[in-house]
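In the two complexes that follow, subunit A is the common piece, with subunit B as its partner first and subunit C second.
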Partner chain A sequence: MENILRNKAITGWLMAAPLALVLVVFLVLPILLIVVVSFWQATEFSIIPAFVWENYDFLFGSPVTYSVFLNTFKYAAITWALTLSIGFTVAYFLAFHVRTQTWQIALFLLCTIPFWTSNIIRMISWIPFLGRNGIANSALLSSGVIDEPVEWLLFSDFAVILAFVHLYTLFMVVPIFNTMMRIDHALIEAARDAGASGVQILWNVIIPLTKPGIMIGTIFVVTLVMGDFITVRFMSGSQSANVGRLISNDIALLAYPSAAATAVVLLLTVLIVIGVLLRFVDIRKEL
Partner chain B sequence: MTKVNRRSLLKGGAAFAAGSTLGAPMIWAQNIKDVTLRQFGTGVSNLNEVAQKVKEDLGFTLEMTALDSDSVTQRAATQPNSFDIADIEYWICKKVWPTGNLQPMDTSKIKNYDKIVGIFRDGKLTPESTIAQGTAPHSVGFTSGPEGKDFVQEESGWMTLIPTIYNADTLGIRPDLIGRPISKWAELLNPEFKGKASILDISSIGIMDMAMVVESMGEYTYPDKGNMTRAEIDMTLGIFTEAKKAGQFRAFWKSFDESVNLMASGEVVIQSMWSPAITAVKSKGIPCIYQPLEEGYRSWGGGIGLSKSLTGLERDAAYEYINWYLDGWVGGFLMRQGYYSAVPETSKNHMSENEWGYWFEGKPATDTITSPFGDPLAQAGEIRDGGSFQNRMGSVACWNAVMDENQYMNRKWNEFIAA
Partner chain C sequence: MEPRPRSFYILAAFFGVFLLFLYGPTITIAILSFQGPGGGLTFPMRGTSLYWFRDLFEQQAVGDIWGSFRRSFALGLMVMVTTVVVSVMGGLAFRKRFPGAGALFYLIITALVIPSILVSLGVGLLFSQSGLQVHWATSGFGAQLTWTLPFGLLIMFAVFNRFDKSFEEAARDLGATPWQTLRHVILPIIAPSLIGVALFGFTLSYDEFARTLLTSGSYNTLPLEIFGMTTNVTTPVLYALGTLTTVFSLLIIGAFLGIAWISARRKARAGSDAGKGMV
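Then we have the complex of A and B:
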């Protein structure tokens, strides 16, 4: 027994085994099952094990699929741009303008307070705020900025993006703040001594050094937005669709194989996007 | 560790066998307390109040599970052992009955069978009524015999579902925000309400509301709204897709609460709606009318079916439950929320004269009308929208239905939502 444990290869495997087992059972197997089911057939009542391409045929044959995927990318891209600029600014302020560590931590914790409630509640609370007779419209009306209630505030793409940005900006702030905190301040002093302006320091020193944080935040935001369905449903008043909603509609109609096929395509799409992102930055090296 | 003695095991087994097979009244009365019936169905009649009252009146336990209509259909069709009683709609019955998962019910065991309204027996409310399009309840209400898997059109003595609850649906409006009379389904697509209309995002029901609108606009007259051809489905959804792109709709709703919020907040002034949702808006003190329309109502009906695996004592208990259901207490409870009971006359005993007059006879209320939960719904002098039972159920234009092209319709519906 002792001999076996002394063998480095075996102990290595044993130490990795619990995590590997958990991942196989709760991640790999379910995904495999989804792939398998995506080739099955469905009637109204039953799901029939088979190997047919009809789910994929229908998916790729329908123009709706393409417009829905396009819409999903649109949400992801706009949300990404907004969360990045807000998240970067907040992190920059926390890391370089707040002098004491106590205040940095206090302000950082302040950013996380909204996360103490569920994200469905945070999302739904926008609805009475943005509605036709909501707080935003009544404030604008009474201050005389507008004469009639603004309709596009709620149940529109604007509302969807607003909710996404509100929900996911913190996922940008945290990793960017984290990498910024580890930038050696001597580098910035050196740049300044060498005559660089503030903008040049930002562009040539800080941004390159925070790239890994930006990338991690990007992966969080893009995967969250691309996999979402409930925000789009509520904030667009069911009038817009993204891929997540296609899947949830299929599930509601018991078309599990069709839902599985859509899920597989979405998974591949997201993996490709992440693959491309990882080409830009080697996250493992930077962590 | 206790040893299981062979003798005691045999004794216990014999007693158990006697208890379950003989079914003598004495034993029945003692055993029924232990019976648990599992009922599942859509939310409308799966009410905890009913389960509590069953425990009080009949002594056995009723477990209720509420699901959406798609899940209900699937469960009834695929898992007959997961339930004892299915509380489903008639159009679901049309899909599920041929699978043989429900057992025919002997009408001679139903005490109030003769008092069940005509809609569920020969399809006619009064001898002069015409039968509406779609899956009319009587057309899937009877089967040929104790082993039947078919539907027969006469009262054969074997029912597929015992009718329990039904209503006539129409559009809900905010009279204060519209400010003029509404009398046609076509108003849903009237550009006057651009950005202030809504329709429900449940394909099987939404398509029927759409068909009512299309007919009312004079665009097309369907041979059978309840069973459209592919071309008719394309045409119907085409008209609505165009309206959607033009910004006619503020939102679509999927759950009851959403429809209430849309209406109460004034986001929407005209939309497809269900009767208790109107009640919910009104109980917030906001004016809301369940508008009767010229073309008539889209109606639906639900009933109780027994799982094929239900036998012996449990089945007796289930019949007892059905007889109790039709005996009036539940009927009164449902009618005070705006639904109708299959045996209205027994419900009358469980309602005040004022309530009966308001809800059933279409008379002006003589005093404040409250819901079973205590919210005031109407003041003295007010009349129910649509009037009496005869007026409302007498002008049904179509019943909720399941089409032959159901799967095609679902796909097209998905495209409409994504368009």
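Then we have the complex of A and C:
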């Protein structure tokens, strides 16, 4: 027994066992089952084990699929660009312009607290702002910018993107700030001594050194947006669609095989995107 | 100290606007939840009152809010404890570089990036196909762990990357058994980070929507209940519930941060006597 416990591999396995168990039962098996069910057939009341390609045929044969996937990529791209520019600026301010560590921690916490509160409520919070009689419209009306209420503020692509940026910018701020804090300030001093301007330091020193953080933030934001269904449903007032909504609509109709086929394609898409992004960063080294 | 450059003020203003963007909407619904009885979902305020909060406590026609709150709270605690224990064990395991660690690591990353509706759908199918009832405390619990565990482990990786191995070696040299080293050296050192893991475990579970959607069975958790309300409740009672839930979240966050702060203070006070000795 002593000898067994001294064996590093076995103690390692024992300690990793609960983790592995949870991930196998609640991640691997469910994914395998989704792949299996994507080949099944469905009637109105039940799903029947089979091996048919009709779910995939239907998925790839429908023009809706392509436009919905395109829309999903559009949301991901726009949200990525916005969260990156906002997140980078915020992290840059915290890391290089706030001078005491106490203030850095305090302001950083202020940025992260919303992450630990409910996303649903944070979405609901936009209603009084964006509605037809909301704050934005009243402000624009009274300042004379517009003559009648703007209809596209709430329940539109604009609202969807706004909510995404609101919910997910933190996922950019945190990893970028984390990487920035590890940049050796001597490098920046050296660049300044060598005559670099502020912009040159930013472009040639800080941004290259911050790339791993940017990549990790990108992975978070892109996967969260691509896998989302609830933000799009709520903020677009069910007028726009992304892949997640395609799946959730099928589920609502109990069309599990069709939902599973869409899910498989979505999963592959996300994994390919992540695979590409992971080539640029070694996550374990960056923590 | 050198004077602040002009860019500081521009960036500080940007940061201020960002905070306003982050918190403004939540503060707005907090204000609007004090609408008078005749008020609507947006400004102007028609008087101020606690009408909508009282409504929340009295009338149960909108659903089972308090039941769902109790379930969410219990589930949050279950997920929190499990996340802390499993993450610490997993973090310790990964330091040993056991065979298969690489595969397990990629599994953790997969859990982090997989769209949450897939977990919901897959776990739901798994339970229904194996003849089990979905229930928030079984399938819902497991589905949420696939989201909280990766965060817990990433924190543990970050902690152990910075962990000074000479403490352990010193303990071993003094004759401590592996268990004693863990109990009296490693755990006390990583304890403050465990508060962070616990905070992630509880709040991510308490607010989780998508992963519980198809796995909670016939009893809703609070986020599911609130989402249900958005489709059929059009009075400020929705804001009152949102405000209460947010206040509760803030209290929880405050409690965790408070514990972290106190333990950091105690650690600083206990301090190290290195260099103060009898040289």
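The rule is short, and it goes like this: the second predicted complex is superposed on the first by the 274 of 287 C-alpha atoms of A that agree within 3 Å, B and C clash if a C-alpha of one lies under 4 Å from a C-alpha of the other, contacts with A are read in each partner's own complex, and residues count from 1 in each chain.
In the analysis below, a residue touches a chain if its C-beta (ideal position, glycine included) is under 8 Å from a C-beta of that chain, and two chains touch if they have at least 3 such contacts.
Only a predicted model underlies this, so the values are computations on that prediction, with no experimental measurement involved.
Undergrad: Answer with first, second, both or neither: which of subunit B and subunit C does A:L154 touch in the superposed model?
TA: Only subunit B is touched by A:L154; subunit C is not.
Undergrad: Looking at subunit A, does subunit C or subunit B touch more of its residues?
TA: Per-residue touch count on subunit A favours C.
Undergrad: Name the contact category of A:R182: first (subunit B only), second (subunit C only), both, or neither.
TA: Touch status of A:R182: no partner.
Undergrad: So, does A:Q239 touch the first partner subunit B, the second partner subunit C, both, or neither?
TA: It touches subunit B, and subunit C stays clear.
Undergrad: Touching A:N133, do we find subunit B (first), subunit C (second), both, or neither?
TA: both
Undergrad: Using the touch definition from the top, say if A:W13 reaches subunit B (first), subunit C (second), both or neither.
TA: second
Undergrad: Just which bits of subunit A does subunit B share with subunit C as contact spots?
TA: 127-128, 131, 133-134
Undergrad: Which residues of subunit A touch subunit B in their complex?
TA: Against subunit B, subunit A makes touches at 43-46, 58, 62, 64, 67-68, 127-128, 131-134, 151, 154-155, 233, 236-239, 241, 245-246, 249-250, 252-255.
Undergrad: Which stretch or stretches of subunit C touch subunit A in the complex?
TA: Its residues touching subunit A are 1, 4-5, 7-8, 11-12, 14-15, 18-19, 21-26, 28-29, 32, 41-43, 85-87, 89-90, 92-94, 96-101, 104-105, 107-119, 121-123, 125-126, 129, 142-143, 145-146, 149, 153-154, 157-158, 161, 199-200, 203-204, 206-207, 209-210, 213-214, 223, 226-227, 230, 238-239, 242, 245-246, 249-250, 252-253, 257.
Undergrad: Under the stated contact criterion, what part of subunit B meets subunit A in this complex?
TA: 68, 70-71, 73-74, 77-78, 95, 99, 195, 198, 201, 203, 244, 249-254, 261, 265-267, 406-407, 410-411, 414-415, 417-419
Undergrad: Provide the residue numbers of subunit A that touch subunit C in the complex, in ascending order.
TA: Residues of subunit A touching subunit C: 8-9, 11-16, 18-20, 22-23, 25-31, 33-34, 37, 86, 89-90, 92-94, 97, 99, 107, 109-111, 113-114, 116-122, 124-129, 131, 133-135, 138, 166, 169, 198, 219, 223, 226-230, 234, 244, 247-248, 251, 256, 259-260, 263, 266-267, 270-271, 274, 278, 283-284, 287.
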